[in-house]
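Next up: some structures, all given as C-alpha cells.
What follows is chain A paired twice: with chain B in the first complex and chain C in the second.
Showing the complex of A and B:
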C-alpha cells in the first residue's frame, strides 16, 4: 500500500513538472498554421463519423427509454425537454469525451511516444526547437478547439435522432416535440452551453494526460502500447470525475 | 581550445555504472572513432557531450563550454547529432524537414532554401526533396539525416552508428561523403560505431571500449596492432564478419 502511494506521488510529481514545462514553453510557442490545420483536420474531421454514428444511436436509445417512462405518466409533451436536458448537459459531453479519449488520446500518446523512441524529439532539441512548444501545444490547442465542436455536432445529431424516434417511429406531432424545446424552455440554450463548457475542460484534460503519457514513454514497443492504454484509461476516468465536479459547479 | 575535452570518472545509467575513466580530447577538424561491442555505452558518451545524459562524474566541455553548467542552447549551437534512428518527421517532406532544422537559424527563407538545395545536390538527393521519409530507402534516409546535420554548419558532428543497417556500397559512399564534407566544412567529428574497418579508415584516432573502459587508443595502425586480448578478440571478430 505504502509502495503504491509512493508510486502515485512520483507520477503526480512528474505530471506537475510536465505541466510546468508545458506552461514555460509557451514563451517559445509560434503558431504554425500548417501544423494546426493538420492537427485540427486529423482530430476533428477524422472523428466526425464516429461522433455522428454515436450521436445517432444515443439519441435513439435515450428517446426510446424516456418515451416509455414519460408515456407511463402521460407526460409525452415533455419528451423533447427531458431528452435535451439529459443529452446536452450530460450524455453528449461525456460520451464525446470518452470517444475522444479512446480515439485521439491513444493516438496522441502513441505518436509522441514513437517520436521519443525514434529520437525525433532529441533531434528537435538539437535543432534548438522546444518540443513542448512545437509538438505539444498544437495538439493541446487542437483538442481544446475540436472537443466542443464535436460535442455540438453530437448534440445536433442526437436531438434529431430523438426527434426521428418520436415523430417518425412513434407518430408524435412534430410541433409537440419541437415547440417546448425551442420556445417553452429558456434553459435550452444554457444546457447546450454547459455541455460545451464541459467539453473545453475535457479536451484540455485529455490532451494533458495523453501528452504526458507520450512524453514519459518507457523503452520498447511495449512502452508505446502501455502509454497509449494509460492515456485512454486515465483520460476516461478523468472525464467522468471532471463531469461530476463540473456538474456540481454549473448547477 | 579543444573542440571536446572529456575527463569522465564514472558514467551511470539507471544507477548502474556503465563506463569509467573515459578521457580524451578532440581538436578542431579532427575525427575520433569510438569502437566497441553493442550495448557497452558508446552512445551514452555522445549523449553526455550533447547534454542529454547528466548522470556522470568528472568534467566534459565542448569548445570551452562545460556540459553541466552551460545553457543547452549555447552548448548545442555549434553541434549536430546524427542519430542512430531516423529522426525525420514522417508527416513532412524531406525539404520541409530540412527547413525545420533551420527554424532558429538566421537567414531569409530564400537563403535557407538555397542552402538546402546545395546540400541535397552535394549528397545526390535533389530528386527526393519532395518525398516523404517513408518513401525513401534506408541509405537515402541516412543521407537525408546527414544533410540535416551538416546544413546547420556545425563545428562538431556527433555520429551515432552511421553505418548500421547499410549495405557495403552505401557504407563506402557514406565514408566518402563524411570525409569530403569534413574537408569542406572543417568540422570535428566523434563517431560511435562497431563497424571497425569504416571507422578506422575514416577517423584520425580511435578508442576501443571494452568492459566499461578504454582498452586501446591511437591511430588506426596502433589499434590494429593492439595486443590486449579483449581488443584482439573484438577486432578479429569484427573484421572477419
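Showing the complex of A and C:
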C-alpha cells in the first residue's frame, strides 16, 4: 500500500515537472504553419467520420429512449428540449472526449514514445531545438482547437439524428420538434457554450496526459505499449472526473 | 506537394464546417432573455404564485410573448413580486390589463397569462401591472369543497 502510494506520488511529481517544462518552453515556440496543418489534419479531419457516426447513433438512441418515456406522460412537445439538454451539456462533450482520448491520445503517446526511444528527441536537443516547443506545443494547441469544433459537430449531428427519429420514424410534426427548442429553456449562451467550455478543458487534459506518457516512456518495445495504454486509460478517467468537477463549477 | 494541398483543403473545410455548425446551433436554440434586443421588463404583484418558477412563460391569447425573470417576496405586504420580460418591444400592453397565474393542463406547469385591457395608455419599461389573479391552489379548492359538503 505504501509502495503503491509512493509510486503515485512519483508519477504525479513527474507529471507536474513535465507541465512546468512545457510552460517554460513556450517562448521557444514558433508557429510553423506546415506543422500545425498536418496536426490539425490528422486530429480534426481524421476524427470527423468517427464523431459524425457516434453523434448520429447517440442522437438516435437518446431520442428513442426519451420518446418512450415522454410518450407515457403525453408530453412529446418536450422531446427536443430534453434531448438537447442531455446532449449539449453532458453527453456530447464527454463522448467526444472519450473518443478523442482513444483515437488521438494513443496516437500522440505512441508517436512521441517512439521518437524518444529512437533518440530523435535527443538529436533535436543536439541541434539546439527545444523538443517541447517543436514537438509538443503544436500537438497540444491543435488538440485544444480541434476538440470544441468536434463537439459543435457532434451537437449538430446528434440533434439532427434525434429530429430524424422523431419526425421521419415516429411521424411527429417537425414544428413540434424545433419550436420548443427555439422558444423553450435551451439557450445557446448557456447550454451549448457550456459544453464547449468543457471540451476545451478536456482537449487540454487529454493532450497533456498523452504527451506526458509519450515523453516519459520506458525502455523496450513494451514501453510504447504501456505508454499508449496509460495515455488512453488515464485521459478517459480524467475526462469523466473533470466532467463532474466542471459541472459543479459552471452550473 | 499535392498531399500538402489536400491537407490545406481538408483543414480549411474543417474550420468552415465548424463555423457553419456554430451558426446553425445558435439559430436553432433560444437566446437567453438578457441578450434579446429591445426586450423590456414589467412587474406584477401577486398574493400567491405557487408553482411559478424562473423561466416560466408569459402568454397573451396563448402565444408565448415573454418569460418570468425573478420572483421575490415583498417584506411589507408578504406578497410576491414577479419580474417578467416581454421579448418584443413593439408589443405594447394596455395599462388596465389583467395578469393571472394559470396551469397548463390539469397538473402541468404554471404560466402567466396577460388579458389586454382597453386603455389608450400603455405600460412602459419597469411599470407594474396592477390587476392580478393569483394561482389556484388545488388543496385550497379541496378544503373549501370539503367544508361545503360538511355544511350540507
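We take it that the second predicted complex is superposed on the first by the 248 of 251 C-alpha atoms of A that agree within 3 Å, B and C clash if a C-alpha of one lies under 4 Å from a C-alpha of the other, contacts with A are read in each partner's own complex, and residues count from 1 in each chain.
Methods note: contacts are C-beta pairs under 8 Å (C-beta built on N, C-alpha and C of every residue); 3 or more make two chains touch, one makes a residue touch a chain.
On a predicted model such as this, the values are computed, not experimentally measured, just so you know.
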item	value
Touching partner for A:38 - first (chain B), second (chain C), both, neither	both
Which of chain B and chain C A:118 touches, first, second, both or neither	first
Touched partner set for A:25, first chain B, second chain C, both or neither	neither
Contacts of A:189 with chain B and chain C, given as first, second, both or neither	second
Which superposed partner A:247 touches (first chain B, second chain C, both, neither)	neither
Chain B versus chain C as contact partner of A:229, first or second or both or neither	neither
First (chain B), second (chain C), both or neither touched by A:129	first
Of chain C and chain B, partner touching more chain A residues	C
Common interface positions of chain A, toward chain B and toward chain C	38
Complex contacts: residues of chain C adjacent to chain A	4, 7-8, 10-11, 13-15, 17-18, 21-22, 24-26, 28-32, 35, 55, 64
Contact footprint of chain B on chain A as seen in their complex	38, 115, 117-120, 122-123, 125-129
Of all residues in chain B, those that touch chain A in their complex	50, 52, 72-73, 76-77, 79-81, 83-89, 91, 100-104, 148, 152
List of chain A residues in touch with chain C within their complex	34, 37-38, 40-41, 44-45, 48, 84, 88, 149, 152-153, 155-156, 159, 178, 181-192
